[in-house]
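Each of the two complexes below includes subunit A, the first together with subunit B, the second together with subunit C.
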Partner chain A sequence: MNPVMAFFDIILVLALPWLGWRLLASPDLFRAVVLFMSLGLLMSLTWVRLHAPDVALAEAAIGAGLTGALFLSALRRLERLQNSERRLDDAEKREEERQIPPEKRRRAKPVAYGLALLLLVVFMLLLGWSLLKTPVSPGGLGPEVAVQMGRTGVQSQVTAVLLNFRGYDTLLEVMVLFLAALGVWSLTRVGQPLQEEVSGPVLASLVRMLVPLMIIVAGYLVWIGSSRAGGAFQGGAVLAAAGVLLLLANATVVRQIPSTLLRCALVLGPLLFLLSAIACMSIGGNLLEYPRQSAGAWILLIESVTAFSIGVTLAALYAGGRPFEPSALEETSGESSAGDGEEGEGK
Partner chain B sequence: MNTIFLYNFSGLALFAIGLHGLIRSSHLLRKILAANLMSSGIFLVMIVGAYGTDNGMIDPVPHAMVLTGIVVSVSTTAVALVLVCLVQETTNRVLLLQKKKRARGERTDA
Partner chain C sequence: MTFFHGLGTVCILIGVPFFVSGTIGLLRFPDIYTRLHALTKADNVGLGFVVLGLALQAEEWNTVARLLLIWLLVLIASSASCHLVARAALQKKIQPWSRS
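Then we have the complex of A and B:
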């Protein structure tokens, strides 16, 4: 084996668990999240090394980028809540400490922890052993897929598996994403747009330049997905990143999208996917068995529409709640402007 | 074969560290991070399985499954994070909890 490559492998293999350990051990949560994002980037480097470019793209965009952004925004929200309720929290803590003498807790801990650690080690050893014993079938399903590629209408094997052979899998995946958005929306509402966090001119102009570029990249990723690495999820993730940037820059355009329109955008992808699955059945095939000649067109149509919906859904997940109703928005903005007027009068 | 062993080991270690963190850390956010680490470990093992085929051919099926997995894990993470924020909002108990307690050890039942 190439010694340079072996060296690279060893560094990568050691860096991954080390970063994982560091991020869980670091007392500062913000730092942990940043380490998590860098771990995601290293993971995507690993995917490239293991010849999985599709996964690398998705990991870099979703695993490192969007998940990190989600964590950061949750962290900020937690800190804000904590600051506003610090006093109550302290009082509660003190009471708790009075109820349970601290030395008692300390004594109970090492035994339980040691036991858990022992179980963990045994479990890991068993897992490792079974991993070693797992028979490796030469090529896996690769040859099978290669034989059937002609019927799929696309040239990329991963896309063929995702949208043709295991189309129901992807359908359900899109549904899971949709469900997540539903869950988030039913749990919370987006906080009021913060007036004090006005974005600077640098961010605003950067966003103005980046967003159109990102939309083009997203379209390219979806288009190229049929023959090379890329596809609906990667494209959707880039689209979502554009949405996140707009949200960060506090662009009024995003806030003013009527929630009905947003709801339609969320539903569009899953609905079209489902309808085309049913349409395939009514034409005479099985669920998601596209007609042989037009399979490529079906896949492209489904991919582009779902990519759009995935982008909107992921951005909605980042926004973290039901959108502001336009009427409510008008009310608050009316109030604030009224407040400004009063201040002016006072002066 | 060597490479496969190395990366398998790395995936297993990530999974173990994640599981350990899931049990040990008291902050809910850190628990979610730990769960994400576990999923990364699993993905690594799966992709190595696809790579580790003898004739140099790549098996695309695990790749597609991992892609699905990444999207599902971001969905669950998003919902979990919203739930954490809600826990704090309603119980006022920020964390299972902060620095002092972490040094003292776990009370996962808190």
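Then we have the complex of A and C:
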């Protein structure tokens, strides 16, 4: 192995657990989020070094980028919540402290730590034991996938596994994401915009410049997914990033998307995936067993529609609640609603 | 071919100190504005040299185009985010550092 690359790998291997520890040990939540994002970027680099560019792309876009943005928006909401509840909270805390005698509190800590440590050790032993018990197959399933590639309709092995051989896994993943968005929508509504966060001309023009480019990149990632690294999740993540940018800039386009359209956009991907699974069964195959000649076209169709829905779903998660209904809208300055609307169809 | 390869390596090696000095500036400078200054200025030039070096070593024209696109995007993103961070800091009424 190249000594320079070996040195690089060693630094990566040392930096990852160190960053992870700093992230968990950080008392400042904002710092923890920043560390989480750097951990995601280093993780993505690690995937590149392990020759897994698909995972690296997903990690960089979803793990570092979007999850970081989600954490930041959650943090902001948390701060707002704490500011409004601080007085009440302080009073409650003082009350609690009065009720628990101090010597009892001091004793509770080592016991809790000990239990947590015990649990950790047990789980690690279990994990190690199951790892030792797992039968090792040399080369994994790679050679078998390579033999069957001709029947999948795509050239990328990763896409073949994700959408052909194990298509139902991806179907369930898309459903999980959909359920997450449903959960968020049923819990809250998007918050009121903060007055001091009026975006300046720089952010607005940045968004005007970047959003079209991001839509092109998303389409490219989905298209290239059939032969190289890329795919629905990566493309969807880039689309969602465009949505997040629009939300940050409070663009009027996003605010004016009717919520019915958003609901349709959320449902479209999962629904089409499910329908094609059923269609494959009605043609005579198994669940998601595409007809041999047109497998590539099926996969491309499913991937592009799913990418669109994933993008809208992730952006909706970032917006953090269901959009205002026209009837429930008290004033026209309501918070921008989720998603990135029709622009996502540019593929 | 090998001449361009060597020239590319030299360019990358020129670029690296800019990243190092930018990082040192980020860690050592006294306030948010000076840190931003260190970070964006140094990284842009450093990345420019690294991209130039990689472009000289590239084997195809579309790789060069992609590298240039990356450089352009990073320039746009870093200058815009620098502006946004500084603007947010000014709105929070953080005073710029001065020696006195």
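Throughout what follows, the second predicted complex is superposed on the first by the 302 of 347 C-alpha atoms of A that agree within 3 Å, B and C clash if a C-alpha of one lies under 4 Å from a C-alpha of the other, contacts with A are read in each partner's own complex, and residues count from 1 in each chain.
Definition applied: a contact is a pair of C-beta atoms (placed from the backbone, for glycine too) under 8 Å apart; a residue touches a chain by one contact, two chains touch by 3 or more.
Keep in mind that this is a model prediction, so the values were computed, not measured.
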item	value
First, second, both or neither for A:59, with subunit B first and subunit C second	first
Partner touching more residues of subunit A, whether subunit B or subunit C	B
Which of subunit B and subunit C A:81 touches, first, second, both or neither	first
Touched partner set for A:206, first subunit B, second subunit C, both or neither	second
Subunit B-facing residues of subunit A, complex	1, 6, 9-10, 12-14, 16-17, 20-21, 23-24, 27, 29, 32-33, 36, 39-40, 43, 46-47, 50-52, 54-55, 58-59, 62-63, 66-67, 70-71, 74-75, 77-78, 81-82, 85, 88-89, 92-93, 102, 105-106, 109, 113, 116-117, 120, 123-124, 127-128, 131, 134, 136-143, 145-146, 157-158, 160-162, 165-166, 169-170, 173, 176-177, 179-180, 183-184, 187-188, 231, 233, 310, 314, 317-318, 320-321
Subunit C partner contacts - residues on subunit A that touch it in the complex	196, 200, 202-203, 206, 209-210, 213
List of subunit B residues in touch with subunit A within their complex	2-3, 6-10, 12-21, 23-25, 27, 29-30, 32-34, 36-37, 40, 43-45, 47-55, 57-68, 70-79, 81-86, 88-89, 92-94, 97, 99, 102, 104-107
Subunit A-facing residues of subunit C, complex	73, 76-77, 80, 83-84, 87, 91
